[in-house]
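Please find the structures below.
Shared chain: chain A. Partners: chain B in the first complex, chain C in the second.
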Partner chain A sequence: MNFWEYLGSRHQQLLADVYQHASAVFQCMVVATVLGVVLGVVTYRSGWAGNLATTTTATLLTIPSLAMIGLLVPVVGLGVPPTVIALILYGLLPIVRNSIVGLRGVDPSLVDAATGIGMSRLARLLRVELPLAWPPILTGIRVSTQMLMGIAAIAAYASGPGLGNEIFRGIASLGSKNALNQVLAGTLGIIVLALLFDAVYVLIGRLTIPRGIRV
Partner chain B sequence: MRAPESGRGGASGLGVEAGREAAIDEGLAVADAMSRAAGLGWRKLTFLPAVLVVGLLCTWLWFRHADLDPLSENALSNGQVWKALRQHIELTVISTFFVLVIAIPLGILLTRGAFRRAAPVAMTFANMGQATPAIGLLALLVIWLGIGRKAALIGIIAYAVLPVLSNTIAGLKANDPTLLEAARGIGMSPLGVLGRVELPLAVPLILAGVRTALVLNVGTATLATFGGGGGLGVLITTGITNQRMPVLVLGSILTVALALLVDWLASLAELLLSPRGLETGSG
Partner chain C sequence: MSETSGTPSEQPRTVGDRSAERAATGATIRLESLTKRYPGSSDPAVDSVDMEINAGELVVLVGPSGCGKSTTLKMINRLIEPTGGRIRIGGEDVTHMDPVKLRRKIGYAIQSSGLFPHMTVAQNIGLVPKMIGWPKARIAARIEEMLDLVGLDAGEFRGRYPRQLSGGQQQRVGVARALAADPPVLLMDEPFGAVDPITRDHLQDELIRLQHELHKTIVFVTHDFDEAIKLGDRIAVLRERSHIAQFDTPEAILTNPADDFVSGFVGAGAALKRLNLTRVRDVEITDYPTVTVDDSLQEIVSRVRSSGTNEILLLDRQGRPYKWLRRGDLMRARGSLARAGTPVHDTVTRDGTLRDALEAVLIDNAGRVVVTGRRGEYTGVVDMATLMNSVQEMLEADRLDAMEHQHDLEGAAGGEGEA
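Up next is the complex of A and B:
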């Protein structure tokens, strides 16, 4: 059976895996983005809190994903819970860091001007600082998503959802005719998903980055 | 190394144009510069080993009193833990060596005259490569080259070359052109400019690349077990497949400790090897 025949005969299973992979990464990214930006907003004004947030998330990222999942399994069991927790934790770092760097990079005179025209603290944050910090935050989101695509594949070993199952099925049946097809389908599927997500982010960037600060 | 207070320029430089991985590294470098500026550098450097020692000691004490069933006994006896640890370190060290030997000269080459035009292509390729899941790459190599250490090593190396390459290119490109102009102006040869000006200035970014490679490789090496390459991943996978939590936890804790230790050693190297003249600029 060649690769195309394989895709044809298994398309239902594959589409289900693709959907689960994309939906797991997407949902975890939404949570990670909200948490990450909130963490950034809360900590960026204080030197030590910002550094603490950056250092902590950087340390988390140092931990190999298989080991992180290994530590989560005894606590929350197999399946979706360790996958979701691991994905959110890994997704946080680039977003937290880029939010802090972005918010700290906002020109203080602009914030002063906003104060000067009578904006409240919240209005300054929502209408001046966050829009200006948005490009680096969006980059953080892109980096996170790409990373999570690969980590979600590994999480399949702990019975997580998605295309990683296809790859591990291939590894389990090494030597059989379909091993290559399975691994190839899983790997290419993840690459295609990652590129699609990335294209969407480029589009989001086009639509949401204020015209005045486009590079 | 760019100072964190370089403001908008720094943020957008990190954010928009820089390559993915370069963005991550630069971020880490910025974070380091921040902690150094805050005088946290050395305190942070002594904090982590202390935590590691306490953590490992607790694990050891827990294991002395844990009663293991035969299956767990079997997975941990006869020095298999040490063997896995040793294999893991070997995989990391060998792969990091090759990553550096491949990526840094290639990065230098791609910023030289005639090859400069190829650099954007290489960067695009590097970014595309980042979308490939490590486990898929490893599985494909195992199918192609057969089970064993070789496939695992090649997979680990291939996975880390791209980030280090884009890091080196970004580092060399970020050098102030007026400094290079000045070096040429006082009559330095192209090789002299490279060896005595460009490379020393790019040392922080190259070291950040080394750190990324090491940390990535410790992580990818946990996957070597899926291709019969050994390493601490063996304990983790045995623990998950046999549902033996002690094996799983021990494997995971050792992997985490190794990863943090390697990162710590690399940050020590960054602190010690960065050219003195650049530190005041970043502080």
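Up next is the complex of A and C:
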């Protein structure tokens, strides 16, 4: 059976995996984005808090994903929970770091102007600082998503959802006639998904970054 | 401002006494021993400043870098919280009121405009009105009005983003934003510091014109003494820790600096700087024979003959000065004026300073300059002799003033001694 015949015969299973993979990454990204931006907003004003947030999330990232999932399984069990927790933790770093960098990078004279014309703290954050920091934050979200696409594949190790199952099945049956097809299908599926997500982010950027600060 | 009112009646009106004769819409500002002490430093950054700023007055705080002038300004809208003293605006003690509410009643314009780059010109200007809850239609109308006020075409600029504007245009929008909610008080922190000298000059003229219409109470911070002289009704020269070295009209500071620090800051050429304080409209503008491009050559020739002058000014159809025509030019014109005469290169407006006029007169080969009105139309001519006379009178009056002032001070000191 060549690769195309394999895709044809298993397309239902594959599409289900693709959907689950995309859905897991998407949902974890939403949570990671909210958490990451909130962390950034809470910490960017103080030097040490910002550094603490960045260092903590950076340390999390150095843990190998397989080890992370392995460590989570005894605590939260198999399946979806370790996958979701691991993906969110990994997704945080680029978003937290870019939020802090973006918010700190807002021209101080603009913050001064915003306060000076009578904006409250919240108004200043929502109407001036976050919109101006949005391009770097969006870049962070993009980087996170790319990363999570790959890491989500490891989730299959803990019986998680997604295209990782395809890859692990192939690795487990190395030498059998479909092994290579399985690994290929899983890998290519992830690449295609990553590209599609990226295209969506370009579109989101076009729609949400105000014309006045678009590069 | 009483300093100038006692001078002879032909004394040109100066920047200083303008505020006295107009109805002010601004509010008084009173700083009472205002102090800012940063934790961990032994000396206060601003040490017990007392200052009273009248309604409708434009006061310039000027001083070397780091003298605390900007800190003093930012304490008025409490961007920097004072650690001691009080601030009263329009009689009301605002030292402890909600700073957000306070700032919405005080216009604030800063260096490099401070416009939000992600908002359009209209959104930037509409910010404060929106925050204080004006209805949409009123905001839209106000945006239009403000753009018009600062000399920008609403249709063209409303939808633009700040980066699509030149530095000078950005600064105008910055001023428009500061004035949008019609605050009685306007704080300006080196607003023209980041634009090129020519644009700065224009913006200063605009501000003078604006203030003429609006009569706000303006506190303006700069380190440029010439800018202070040009704009200020009164100038506060500050030394370190915001100590007031002298707080007086520009005329008084130029002719009678309080001490070496002030005279050092005034710098050389006080007489030349004095020229900046008098407007062209305040000196004698002579009328000149004029003709328009629609007149026939015969009419023009006969006008020159009957006028008894050697020269005549040709105006275009809008009444703006176009060319100087001499008798000789007319002889050589041979029926067509197209190539005859010398085009008018330089003009000054009635609101221009005597310094501008002197500059133009010096460059002109016949030693005179055409004065124009607001739309560039001809209103008269100023020449070297008129300028010389005015300057002489002006300096003489200043000297008398200074002597009188000195005399008063001595008298007061003597009186105290006797008592």
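Of note:
Here is the rule we use: the second predicted complex is superposed on the first by the 215 of 215 C-alpha atoms of A that agree within 3 Å, B and C clash if a C-alpha of one lies under 4 Å from a C-alpha of the other, contacts with A are read in each partner's own complex, and residues count from 1 in each chain.
Keep this in mind: a residue touches a chain if its C-beta (ideal position, glycine included) is under 8 Å from a C-beta of that chain, and two chains touch if they have at least 3 such contacts.
Everything numeric in this text was worked out from a predicted model, so none of it was measured.
Because the two structures share chain A, they can be overlaid on it, and in that overlay chain B and chain C fit beside each other without clashing.
In the overlay built on the shared chain, the residue A:I154 is in contact with chain B alone; chain C does not reach it. Contacts of A:G91 after superposition on the shared chain: neither chain B nor chain C is touched.
Residue by residue along chain A, chain B and chain C are tallied for touches, and B comes out ahead.
Of the two partner chains placed by superposition, only chain C is touched by A:G116; chain B is not.
In the superposed model, A:G162 lies in contact with neither chain B nor chain C.
In the superposition on chain A, A:A179 makes contact with chain B only, while chain C stays out of contact range.
Contact with chain C, but none with chain B, is seen for A:P210 once the two complexes are overlaid on the shared chain.
Applying the stated contact rule after C-alpha superposition, one finds that A:P131 touches chain C and leaves chain B untouched. Minimum Cα separation between chain B and chain C in the superposed model: 12 Å.
Across the two superposed structures, the residue set of chain A contacted by chain B and also by chain C is 132.
Contact residues on chain C toward chain A in their complex (touch as defined above): 77, 79, 100-106, 108, 110-112, 114-120, 127-128, 131, 161-163, 177-178, 187.
Residue ranges of chain B in contact with chain A, taken from their complex: 4, 7-8, 10-12, 14-17, 20, 23-24, 27-28, 30-31, 34-35, 38, 40, 44, 128, 130-137, 139-140, 142-143, 147, 215, 218-220, 222-223, 226-227, 232-233, 236-237, 239-240, 245, 248-249, 251-253, 255-256, 259-260, 263. If you check the complex, the residues on chain A that touch chain C are 109-110, 112-120, 123, 128, 131-132, 210-213. Those residues of chain A that touch chain B in the shared complex are 47-48, 50-51, 54-55, 58-59, 62-68, 70-71, 73-74, 78, 94, 97-98, 101-102, 104-107, 132-133, 135-136, 138-140, 142-143, 146, 149-150, 153-154, 157-158, 164, 167-168, 170-171, 174, 179-180, 183-184, 186-187, 190-191, 194-195, 198, 215.
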